[in-house]
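Letters A, B, C and D mark the chains in the order given here, with residues in each chain numbered from 1 onward.
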Amino acid sequence: MQKILNKRKIINDPIYGFITIPDELIYDLINHPYFQRLRRIKQLGMTNLVYPGALHTRFHHAIGAMWLMVEAIKVLQSKGVEISKEEEQGAIIAILLHDIGHGPFSHALEHTIVHGISHEDISEMLMNKLNKEFDGKLSLAIKIFNDKYPKKFLHQLVSSQLDMDRLDYLKRDSFYTGVSEGVISSDRIIKMLNVLNNQLIIEEKGIYSIEKFIIARRLMYWQVYLHKTVLSAENMLVKILQRAKELASEKKELFCSPALSKFLYNRYGKKDFDKNPEVLELFAKLDDYDIFGAIKVWADNEDEILSYLCRCLIDRNLYKIEIQNEEFKESYVKAKKKEIATKYKIKKEDLDYFVFSSSVANEIYNVDKIGITILFKNGKTKDISKSSDQLNVEVLNKTVKKWFICYPR
Amino acid sequence: MQKILNKRKIINDPIYGFITIPDELIYDLINHPYFQRLRRIKQLGMTNLVYPGALHTRFHHAIGAMWLMVEAIKVLQSKGVEISKEEEQGAIIAILLHDIGHGPFSHALEHTIVHGISHEDISEMLMNKLNKEFDGKLSLAIKIFNDKYPKKFLHQLVSSQLDMDRLDYLKRDSFYTGVSEGVISSDRIIKMLNVLNNQLIIEEKGIYSIEKFIIARRLMYWQVYLHKTVLSAENMLVKILQRAKELASEKKELFCSPALSKFLYNRYGKKDFDKNPEVLELFAKLDDYDIFGAIKVWADNEDEILSYLCRCLIDRNLYKIEIQNEEFKESYVKAKKKEIATKYKIKKEDLDYFVFSSSVANEIYNVDKIGITILFKNGKTKDISKSSDQLNVEVLNKTVKKWFICYPR
Amino acid sequence: MQKILNKRKIINDPIYGFITIPDELIYDLINHPYFQRLRRIKQLGMTNLVYPGALHTRFHHAIGAMWLMVEAIKVLQSKGVEISKEEEQGAIIAILLHDIGHGPFSHALEHTIVHGISHEDISEMLMNKLNKEFDGKLSLAIKIFNDKYPKKFLHQLVSSQLDMDRLDYLKRDSFYTGVSEGVISSDRIIKMLNVLNNQLIIEEKGIYSIEKFIIARRLMYWQVYLHKTVLSAENMLVKILQRAKELASEKKELFCSPALSKFLYNRYGKKDFDKNPEVLELFAKLDDYDIFGAIKVWADNEDEILSYLCRCLIDRNLYKIEIQNEEFKESYVKAKKKEIATKYKIKKEDLDYFVFSSSVANEIYNVDKIGITILFKNGKTKDISKSSDQLNVEVLNKTVKKWFICYPR
Amino acid sequence: MQKILNKRKIINDPIYGFITIPDELIYDLINHPYFQRLRRIKQLGMTNLVYPGALHTRFHHAIGAMWLMVEAIKVLQSKGVEISKEEEQGAIIAILLHDIGHGPFSHALEHTIVHGISHEDISEMLMNKLNKEFDGKLSLAIKIFNDKYPKKFLHQLVSSQLDMDRLDYLKRDSFYTGVSEGVISSDRIIKMLNVLNNQLIIEEKGIYSIEKFIIARRLMYWQVYLHKTVLSAENMLVKILQRAKELASEKKELFCSPALSKFLYNRYGKKDFDKNPEVLELFAKLDDYDIFGAIKVWADNEDEILSYLCRCLIDRNLYKIEIQNEEFKESYVKAKKKEIATKYKIKKEDLDYFVFSSSVANEIYNVDKIGITILFKNGKTKDISKSSDQLNVEVLNKTVKKWFICYPR
């Protein structure tokens, strides 16, 4: 008869069906407030303004990536790769917690709320804190996360150009946006995984799946992640926070949660996190609600710039965005600024909130990093960029950069 | 060559693929701040605590229901049912706006934030306001919404036991929760629609699809809408608001947005909405962010009850819930209260925040309301409850009621 | 590194993704000509004339059911039910081979090609033959198949009102017909399986899934399995074989494969199978190709009745079919026969090939057989027909019978 | 109320849901025996030996492509492209009938049953015959099919590098094989269609979808269409027919249908089809049943080569196949022949039935043919091979050729 399970062990996922939580330690980590916070951080920031289904969270993504890790380890073990119970748990925890340091709206605000510290840094700090709370049980996971564990392929499952993170987020983002062309066959790719000389490799017959994965990733970049309307919205979000911080620096009072307040009225960087443990604790309280809850109120702020930007974002009157493959000419930007300044009667010193130009870049595949290695039936291995007669290695290797300019319609 | 479209006309939906916005008036309604607000109101309140994918919004649901209406009207027209361009637009607007009066967390807080006024009442008020703004162009839609238009079947498409609202929400809620068994074939049901004597009917060969629809609805009720953990979470949410209002009535200061503040420190009912147009405007500013943004801060409130409840909800330490088919015996409730009071050292007057018992009910199909009528090939019609040899009419007709009791673990 | 697998072990299935063949014995059984024959027997006979996608075979179904068995056993084992390696293999083989005795066009011709012997009888015979070939390794499987193994629940997984056979065919038939409403959540049902007192049971929270399964089954019956056009086509197929046999009895020469020839020019029953091992071998050569290959040629046969029937079937000019809940009145049938006889100038003795009336019946759930048992949290068990307040036990228990009459248009 | 429809107008398709037959002429064409024959010709020949779900037929594919044409024309019309009712019907009929000349097992036997005449030639002949039967109503369709109609884009919808044929078969073949990575978003591609200067073009934002389409096509080639096991099976099928024809030329009697008999005992080429209208009629009787029905019987033929080959195919004991990027060295082939000749005691003159070497080639995209043109927002157009920074034009343009050798295991 059924064993009594004290802890709820199954999570429904529209993508994979039922996800079973592998063990009690992992169950407890999922229930920790640090991890529960991820329920309130949307995976794709403001993307829902274009794709209204894209409301899924870092929480769901982390659970999904965990599930793929479970599957991947099963496949490797079935092929004779030795992975102990402890290593398995370590790799699963590493992927589960890989995003735990993300702040509100994921990437969108990454360098606006804090300065000179990445979400990966914060993830590591939070893992170390959890490791203390859980009496060192996360040590192996942290080693894997930091690539300090001898079995390199475990780290590669967590973080590489073909890790469980990417497999889950491509699939999940496709699913929730409805951009069905981004769908990848994580199933098939995982079935093709193997390990050779301590490196994760893909068996030869997985080559077309990998091509497809790379093309799908590229498609998602331009169709979703760097969608021009999303770019406009997220840049406006950044401008809002910048304005708020400017007002804060002038000691203006702004409605905000106590936690957000600290980050508005102070400029916290890596040193602060290192010196002052409270900063990390405060950060661990922030989520989308702090930001958007404030923005809603700021829409009625007496500062006209702040209220204008907030109102635009809330009502989805986004700035027009032009995008192109070369940098905008200085003269064009100047002319545009002048036009807008006149039209809306904007002071020169405020103009950067209304007209701004920047760039985005993406690299689909980087041949200089540890790549995706194909194992051929003759026992030889080659990087995918050299295995595929289709993928254009020079193009793949080139960072694609686009410039954009935003301004009110 | 392609006509120039000034307005973005296509919305991606993971469920139906591409949704085309039928015309410019509808486009403008969708872009109105009243409607954009629905982007920030989750369709299923706290359900995401159980089904983490269930983050979809009233916005997406309303767009989806609009799409089904477009399809349904096409089918009826192809069968020779006369529906003019204006009637078509009216029906589409009526379904688009049917939920516009929903407040934060949809049903969960319906009777906590305001009193004696339903979301349907508020929907109507907002529609009337929009009608003024749009120079009377919504008049026909409002007639259809209020069932005052002679072609009764148009209202039935908006609101009946087989309306486009239900078809969309069952499908959408199944999709986002991952409870695949709730999936209904809205496609097939819509293909079977027809009109007889001004009433919406289903052609005979749709009978099994209707059975399936009713059973799926029932399944969604018990598996999702009234899931015990969801019940616990949503009742805790209500308790939080009640506690906040109590504190507000004692003039305690509480962190909250200005809009929420009004509803905390005042008790607004139907009369206030009627008398004071500002109340409606304030209500139209509320969404999930006001509530959850406050709750996050209240978790550190000095009032121990409020902070305890908020902390529980945020960290997903939900009250234990027992559920059964009969009312709980008074003695049982008393004993439970005593036990909890002792265990947690709770004062008698505060005990209702910790141990509470209530009931939920659902009726799957109500034979007394306008029902689902089947048209047989011999030209006769019968209600589904009499057409199906499988559906148990007595059971269908009976409101199923369950009692529950919640308390800290 | 990957172990060398000598035998191809993965099968692509559009429904479950990748199916792994559990072991080498099973691999060898799948490759046996008896089993490969199932590749040439359509699961749903002539149903593809209505649902053109329904071309899937007994082969694919058997593989799918095998896969569900693998999953079900994993679930039971994880709940502490003891199932040894041998028992696991036995149950898997039993389900894999459960349909191996099916003849051409599955059920459609079951009692036309042979007489007084069911496909289950033939399945058992073929299993016994295989058991000899495989040195007795199928003995346990055969015990399970015949319900002679002490662990009764293993047989119930193979054959009961909630067996892996039903779970797979409902899902598969839905998928290939495109009748999406028949889709069941085999996943969820399997997760809810457990064993109590040697009986397969379903845990309480699976109750709505079971309701849905029963309703879906019912829907598939009327929408697919007993679809009136399918009934017409399959009855015409039977008439064709009857006519061919009649001509054969008159020593008329008919184009047909040697194997089919034996069954046309002889009347084989259970005794013949028992006495003469060759009969079984001949039967194991028959598949859809023998029948339809002959019918195509018979369309030009000099016998007008045979050629007419065959031509109709090939060109999909099917007889009109009327269907109703009561038997057709003798007078009606007589009148119809007269009408057709006059219209087409048919001799009285041939009229049964042109106008025929019969009935079909289905029972969705039989409370007298071993039923679907629900295990409640309080430890009690009840049959689903008594656990569900929705399923109408009297209706469920009643065989639904419909009468039909077919004749040329 | 519903108009009375005399003719069944809806077809269930697991891929697109419900397909409505546009008009009565098209309905009658679908019901014509020539078209119904396609129900008995598998789209992917012997591919089901590898992907057991791949049993879908030319019939289903043609219906699906018809449906995409209906959708594509709707999109173009909504963009202001003028397409009259007659042109619409013509384009639909042209795509519906584009494959009507396919013989048994589609491409596999294309040059074995007839000689020097392609399936396109036969399609045209059958269309002309139908045109006579239908009083010239197909004239416009035939013009479109033959690219003799002034609106060139209509032909391009029927036959080009981005036609409705390819869109349907990629999607359908993915679906039924379960190779989910081949799935393309026909929906999105169709939404991006437009017409400029009488040419079909794709709007700029469809560029990533086209990349994906090309990569998916490539993936399907290597994973499905040219899967090595499928190559082996289909080449064995060809060998079987060759052997049968050889025996026929020696006047040996072979079991086969009368229609197949004509093609075995005669060598029909284009001239015969032109001269003798009966040949076309005979061809229009052939389908998979003639071939496989014969093969099953030939498995017991006294000719050892024929029976060996047939037995292998039926029981799926396929020849081993080696495949590589260069031609096999003559010495290797010789050695292999010798080895097999010795092992199986085969006479020199028979050896070609046992060891054979050949090549397959595919071109994914041909820059010399009318290509896929992208329309940029600045009004300029470019071929996809020059628009995409990802697709490697030199590779795309190069026919990929692989050599293989087959022999018994």
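Criterion: a residue touches a chain if its C-beta (ideal position, glycine included) is under 8 Å from a C-beta of that chain, and two chains touch if they have at least 3 such contacts.
This one's a predicted model, so the numbers in the text were calculated from it and none came from an experiment.
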Both-way neighbours, i.e. chains that touch chain B and touch chain A: C, D
Contact-richer chain pair [C-D vs B-C]: C-D
Distance between the centres, which are taken as Cα means, of chain C and chain B, whole angstrom: 44
Centre-of-Cα separation between chain D and chain B, whole angstrom: 50
Intercentroid distance (Cα basis), chain D paired with chain C, Å: 32
Chain D, residues touching no fewer than two other chains: 17, 188
Chain B residues touching chain D - in the complex, by the definition given at the top: 1-3, 10, 17-18, 79-81, 187-188, 191, 194-196, 203
Residues of chain A that touch chain D when the two form their complex: 180-181, 183-185, 188, 208-209, 211-212, 215-216, 218-219, 222-223, 389-392, 395-396, 400
Complex contacts: residues of chain C adjacent to chain D: 11-15, 17, 31, 33, 36, 39-40, 48-53, 55-57, 59-60, 63, 175-179, 255, 257-258, 285, 287, 289-290, 292-294, 296-297, 300, 314-316
